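The structure follows.
Which chain is which? They are A, B, C and D, in the order written, and residues in each are numbered from 1.
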Amino acid sequence: MDYSTYKDPLGSRYCSDEMKNLFSDQIKFQTWRKCWIALAEAQRELGLDNLISKEAIDEMKKNKDNINFKDANKKEKEIKHDVMAHVWAYSKQCPKAAKIIHLGATSQFVGCNTDLILQKKAIQIIKKRLINVIFHLSKFAQKHKSLVTLGYTHMQPAQPTTIGKRATIYLADLLTDLESLEFTESLLKARGAKGTVGTQASFLELFKGNKSKVKQLDLLIAKKLGFNDAYAVTTQTYSRKIDAKIAEALAGIGSSACKFASDLRIAAHLKIMEEPYGKNQTGSSAMPYKRNPMHSERICALSRTLMNIPTEFHSMHSNQWFERTLDDSALRRIEIPRSFMLTDSILLLYENIASGIIVYPAQVKSHLNAELPFMAIEEILMKCVEKGKSRQEMHELLKKHALDAGNKIKSDGAQNDFFKRIAEDDKIPFTQKDADSILKNPGKFSGMAETQTEYFLQKKINPILKKHENLIEKSKTEIEV
Amino acid sequence: MDYSTYKDPLGSRYCSDEMKNLFSDQIKFQTWRKCWIALAEAQRELGLDNLISKEAIDEMKKNKDNINFKDANKKEKEIKHDVMAHVWAYSKQCPKAAKIIHLGATSQFVGCNTDLILQKKAIQIIKKRLINVIFHLSKFAQKHKSLVTLGYTHMQPAQPTTIGKRATIYLADLLTDLESLEFTESLLKARGAKGTVGTQASFLELFKGNKSKVKQLDLLIAKKLGFNDAYAVTTQTYSRKIDAKIAEALAGIGSSACKFASDLRIAAHLKIMEEPYGKNQTGSSAMPYKRNPMHSERICALSRTLMNIPTEFHSMHSNQWFERTLDDSALRRIEIPRSFMLTDSILLLYENIASGIIVYPAQVKSHLNAELPFMAIEEILMKCVEKGKSRQEMHELLKKHALDAGNKIKSDGAQNDFFKRIAEDDKIPFTQKDADSILKNPGKFSGMAETQTEYFLQKKINPILKKHENLIEKSKTEIEV
Amino acid sequence: MDYSTYKDPLGSRYCSDEMKNLFSDQIKFQTWRKCWIALAEAQRELGLDNLISKEAIDEMKKNKDNINFKDANKKEKEIKHDVMAHVWAYSKQCPKAAKIIHLGATSQFVGCNTDLILQKKAIQIIKKRLINVIFHLSKFAQKHKSLVTLGYTHMQPAQPTTIGKRATIYLADLLTDLESLEFTESLLKARGAKGTVGTQASFLELFKGNKSKVKQLDLLIAKKLGFNDAYAVTTQTYSRKIDAKIAEALAGIGSSACKFASDLRIAAHLKIMEEPYGKNQTGSSAMPYKRNPMHSERICALSRTLMNIPTEFHSMHSNQWFERTLDDSALRRIEIPRSFMLTDSILLLYENIASGIIVYPAQVKSHLNAELPFMAIEEILMKCVEKGKSRQEMHELLKKHALDAGNKIKSDGAQNDFFKRIAEDDKIPFTQKDADSILKNPGKFSGMAETQTEYFLQKKINPILKKHENLIEKSKTEIEV
Amino acid sequence: MDYSTYKDPLGSRYCSDEMKNLFSDQIKFQTWRKCWIALAEAQRELGLDNLISKEAIDEMKKNKDNINFKDANKKEKEIKHDVMAHVWAYSKQCPKAAKIIHLGATSQFVGCNTDLILQKKAIQIIKKRLINVIFHLSKFAQKHKSLVTLGYTHMQPAQPTTIGKRATIYLADLLTDLESLEFTESLLKARGAKGTVGTQASFLELFKGNKSKVKQLDLLIAKKLGFNDAYAVTTQTYSRKIDAKIAEALAGIGSSACKFASDLRIAAHLKIMEEPYGKNQTGSSAMPYKRNPMHSERICALSRTLMNIPTEFHSMHSNQWFERTLDDSALRRIEIPRSFMLTDSILLLYENIASGIIVYPAQVKSHLNAELPFMAIEEILMKCVEKGKSRQEMHELLKKHALDAGNKIKSDGAQNDFFKRIAEDDKIPFTQKDADSILKNPGKFSGMAETQTEYFLQKKINPILKKHENLIEKSKTEIEV
């Protein structure tokens, strides 16, 4: 192992091997060869059998995966052109095909089609991870659907909800992400065989002006590469807007994960919930007792860079001049893999957490009880309105007492005496008996939380999990701290 | 007119009245009242007719549009709460409804539902503009589908294409934008009646624990507000991810427009195309003869801020804590209207340009002819391969001659002598006769450009225009310089 | 008041009149005239007194502030060129100067110089606000320098610090912001008189080829406009990089304010600190008792858009072609005022909060005591090491007991029994007596917090406040909720 | 070489070994040990010689660079804590120091101080590259200071300038970047020895309450680590605002480089300038004659991601809660090296280009001559004003003729007949003789361009180069295509 040079932690620490392998040179150049084979086959099938022999294609197929990197790299150093270098290296392995590899094509024939194939596959990996997070989170929501907890707005106690209901909010975001990802996937087509500036001129020449064949060639290659269709029009490349759309779908996942992880970090602060904690894990050198939500924090860290990426792709797309400028290349080489690897890393963490969230019901209850009298205000207000009082007037009176009680807690560390205060106020139709009745049944203040959770899981989540059940994995990955 | 304070040029110069009106206080508070009426009606229809009289509702309907701003503003100054101030002001106009306006609701009942209604309407305006740009651009593409022009990659002459074909690229981007916009629209549902933290607790109380009625209430309100459905689960607000998705769809439009406008600015530099130019318009104080592509430049300027907005919404969504924090409010107040107003302004400019692009065919031809010998290289290369030569060898020879010819042009300002050079090279099977034959038919170098344009317009664009033909406007707006 | 059109809330609700006035048309066109007067005076002083009479200049000075907007607007509508329209309007008021207003200049003579003047003034306003926030916050830090509070890392209890010490962190960030702002200010020079593409050609013509005079003209105008220097070289405009640098300095302020406000929102959740609360302010319609940190939340909201702006300016600068393209114009018109108005709004809120932060010492103490046993771990660890034990071994033992005690709290809602546990562990040299001794003096766990605060205020803050004491305002502004 | 996993092209293709080595594990852990040695030495010097023996320190020094990675990695796997693992591994090599390595410190003692040291060094590398770009570009500007070329505004011919003058614009931007970088450097101090939450509590304990010694410890360590000062106050970490400031300074370099490279790409289109072109380099597989400005395009690509990074750091800083949250860690691990590596890669390209820009004077002249008649308008306008004509009237007449002449060129491909037109217009005091006189001396239209270039190089650039002459490298790096 070489310790004298920079190692990107995304690759070396956070991302799955599956995703890293997808964006490896091995897979990239295999896919280039796949494109060249599809081109030769399609050309032959459409009538160029005089130029392209079956033997040539067989030779190409035989060598489709054994990339002679050394040869290619040496040639690339010499001519400084990666596609021509790999044409040369492939030709060296396939002497019978030497004249027809890449026939009529421009570099972006392999470049764009490969990028589209890889991104489609990367989307599949991300979708699998998304489904698994949804799976674990839905089990969590189901389990805690009726565990009443304090709901917060402005990070201030508001009204009770349930732990399960809160989890449905994360799930709803992930469903939107899944829909976005699938929408984005629907935008992916093959770039096909379009030629230098997208006019298919060289192919039209090859087919002696037969336009129908050129059109067929485009679609046939698309099919052979696993797409239903090819883009009807392109320049030298497919539109970089597509890259931007993918980046947006991934950024959305980052945003959802960050929202979830921020909440979990606050929940850990409240000691009501915790992310799973590895054995032998050291909290910190100075504070060993701490249960730091480090995986949740890492989700937030990675998300902040992921959410920022689409802007770069918009910048790239909007600044492309005419039939293509190369100011997309280095950015795409770096940011396409990076955005998938970030999303992959985030979802691995999310899945790990979602499958093992720890809940402390005693703490949940303790926080709730401290604020319950205030929680009842809306109900008291409505009761007063039912008894014929003006909403505004009651609102103001209750507000005053609530503020006084709240202030007393803060200034003296005293107990919550709100019920006592309003019971003693003649203008408010409220008695100690009313107070007792309220306190007896705290669960009622969470309204439809449980019902909503059941409904949501049944109607919105389960059909999705059913549809993708083949993607649900049995075992979980270990996360490196 | 008050000149002593800042006026946002987006509002005062660039954006349409239609869009500005949509985000006005008048429409906002009308929509609040629409929400309150829907709430009251739905509550009454579902059985609260003892609390909510027909008279109360009639009174509310009678006053639905005549906002008493003075009263509301005065009250808001006093109590510093806009929703309560408007409840109070509306109640003042509707004494019979005073006790039931906003019954069981929290501020975000009007806040979120109104935002969703307005954004849905704003999307309609944007869609209309998008369709009109597509309409004009498709006419342009049709008209110039066979006008051969030099295609550029790396901003260097590459191979010919056609003016019409190039326009299909802009159209393809706009189609993707339209699909994205419609996908985004499909994500919009009513926030419905969800209560303080999204549990519908106050409504469950109102309906004495009848969960089915509370569920119905949510959907009934959604319908009354023009939605097919309500979000199954929300916190105090609907998920801010939805805002981010909308911002992304709009940013995409900015990116497409900026790509188009950048190309047009370069085309204007080449004197091959120009944006329409207003009468009496002064180029610049010092250079009156100039035809500056100012509208295209403005599109780029506005797009650069529009493309940057989604990041803010991701930041907002990902940092929301638990059931809602208010660190979304000022940002949404500013950036939701702004993103629509920017898009509106950009599309007005785009439409104006697309409907009047000037083309200079003589200049188009002049640029093409200067590079035509080089343009033929791919064909010559293929011809040589057909004659049995090695692709790589020919490639290298042609490259050498092309570089020499190219260098001579640059260093001496000489004519292009590429054909002469290769005709004289014995290793290359190419004669002056071949050269003449090539020069006679320059159109052939644009390959399928014309055919692609026809196909694309017929198969991809026309069905869309047909579907939305009611949105196509007859007259165009004047743009302020 | 017109309610039928959009009103930007930044202008109508958040920003100061002072800042809005600075970016008004009145000030803008006054400054244009200031530039024209400076130009005419400098030209006359350098020898063009045959062309430029004293009477002409007197006339210009007499009309320097009474902009005839109606005339100018009408002309602008006609010729669609704002600078020429205002030259015309000014000329109408100054018939004797008609031929010499704007002599030799291009539009950007008034455009750029005015933008630089206004930004310089806007920086002064921001600096004033920054100083006032620092002033109030430093008083706060001084007051609470020894109030021990729980310090948090990972949002988990870590070690005690003091409320005052924590405030120094916000102050340190603001000092960095102030330094950045002053650095940025140092980059501001006049654009001077540079002509169409920055070559001063028209001025060289005017001065009959006298280069020295043209150079003097540039500097003389700079002086007259309040700058020490003019940029040595420009294109048609000064470098848009300068705009980016300003935007960065402002974004930094947003970041600091957001960090402060996020902390205060968490502190409010803990009920240890609160932002000042206006009289008659309604918490929320449904939860009147709540003390929502709405101003802090608004700071975060506004900061999220402010922090995002520099990217736009980088995009603008990096895409400027050759001697200037106009794809900067609309963006600068919108984003320069907006970035200052956002910063202004944020600092007004920050100042308002900083001058009235409420602290609840009883709550501070209550949170501290609950975690004090854990807080002592580092000390216990060090004591054990002093007694000859291995750091690693002790670390692991203490960690185990701390985790057990922590788990018990969470699962049972029990009291913290950490001291009891370690006192009973024979391997750890710790007794109940040690425990008592620790608990007797909790203050000692805050280390140098108080000392650091004193030192920091005395050495770092006070000199700055002293230097800028003229900027410290006595009365505070009221903030609109 | 492993081809089965992702390799970041930034590391494997674009960035210098020098920069990659700086951010390697080897340097990182050496620097950690440097911090531990500084801590031990300072503690001993300040009186803890009973605890910390000379032998222990000698042992630490002896092992300062021979990191036992295997041991450390194995331990880290086990305890999942990198700092404790390296303390353990170092202790294993230094048995005498085992008890005192990291004494009183928290992880961020090594974390933050190391990050600051590495960033300071990385800034030095960037500064060196910046100086070298400035060096080459200034030679270029000097060489071409009087080569008159067409200046463009709106990408339309405007007025002549010179090639050298245009280069001063890039230089001026780089000077601003250098100033920003040096300002940022001035913000870097040591984090020193601050302890868990920044209160130095553990050190105060170690020094038995002697505050003066604790203060001295902080500064002594800072000195030993190469800083003039330590931050007066920190939390567990130094303020993440500092990271944001660094990212901004680097983003600014990206912006300048992208502006330069965009211009060069347009210049290459005009065939007036070209980036140096490697031997044996293949233009493209299909268009071998092309001289694609690939390095300039790559600069733009890399800049677009670099310019986008500061937002992430603002997001990170503004969301840090209280004394530190770990949602900074993964982001900083990835983005700090990445931003330096991007800048490094960009400047390597910039330097390579700047040292070998090719200029084609014949093409420069050819473009100029085609537009010269229009170029003279400003002069003609001024001449007319001198002859007593109204500026506005002449402006309108000239504008009309210029537009007509311009239109004729575009529609007919005709020659520029502007001079003929105005000579024939009786209202304009202009004759063919005037035309001839103008055409005879085209150089005069570039005004002060040459003089400005000389002045700028002499007064602004040379002093900087002089100051940093030790940084100027003699040989250039080869860039990988």
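Please note the rule applied: a residue touches a chain if its C-beta (ideal position, glycine included) is under 8 Å from a C-beta of that chain, and two chains touch if they have at least 3 such contacts.
Everything numeric here is computed off the predicted structure, so don't read it as measured data.
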(request) Any chance you could name the chains that touch chain C and chain D both? (result) A, B
(request) Report which of A-B and A-C is connected by more C-beta pairs in contact. (result) A-B
(request) Return the distance between the CA-based centres of chain A and chain C, expressed in whole Å. (result) 34
(message) Using Cα averages as centroids, what's the distance between chain A and chain B in whole Å?
(response) 24
(request) Two or more other chains in contact with one residue: find those residues in chain D. (result) 152-155, 158-159, 195-196, 202, 265-266, 282, 284-287, 292, 294, 297, 300, 304, 308, 311, 315, 319, 325-326, 378
(message) Applying the document's contact rule, which stretches of chain A touch chain B when the two form their complex?
(response) 88, 98-99, 103-104, 151-155, 158-161, 165-166, 168-169, 172-173, 176-177, 179-180, 183, 187, 195-206, 211, 214-215, 231-236, 239, 241-242, 244-245, 248, 251-252, 254-256, 258-259, 262-263, 266, 300, 303, 307-308, 310-311, 314-315, 317-326, 378-379, 382, 385, 390-392, 444-449, 451-453, 455-456, 459-460
(request) Could you please specify the touching residues of chain D with respect to chain B in the complex? (result) 152-159, 265-266, 268-269, 271, 274, 282-294, 297, 311, 315, 319, 360, 362-363, 365-366, 374, 377-378, 381, 395-396, 398-399, 401-403, 405-406, 409-413, 418
(message) If we count contacts the way the header does, which residues on chain B are in touch with chain C in the complex?
(response) 1, 3-11, 14-15, 17, 19-21, 23-26, 67, 69, 78-81, 83-84, 87, 102, 105-107, 195-196, 202, 265, 278, 280-282, 284-287, 292, 294, 297-298, 300-302, 304-305, 308-309, 311-312, 315-316, 319, 325-335, 337-338, 341, 480-481
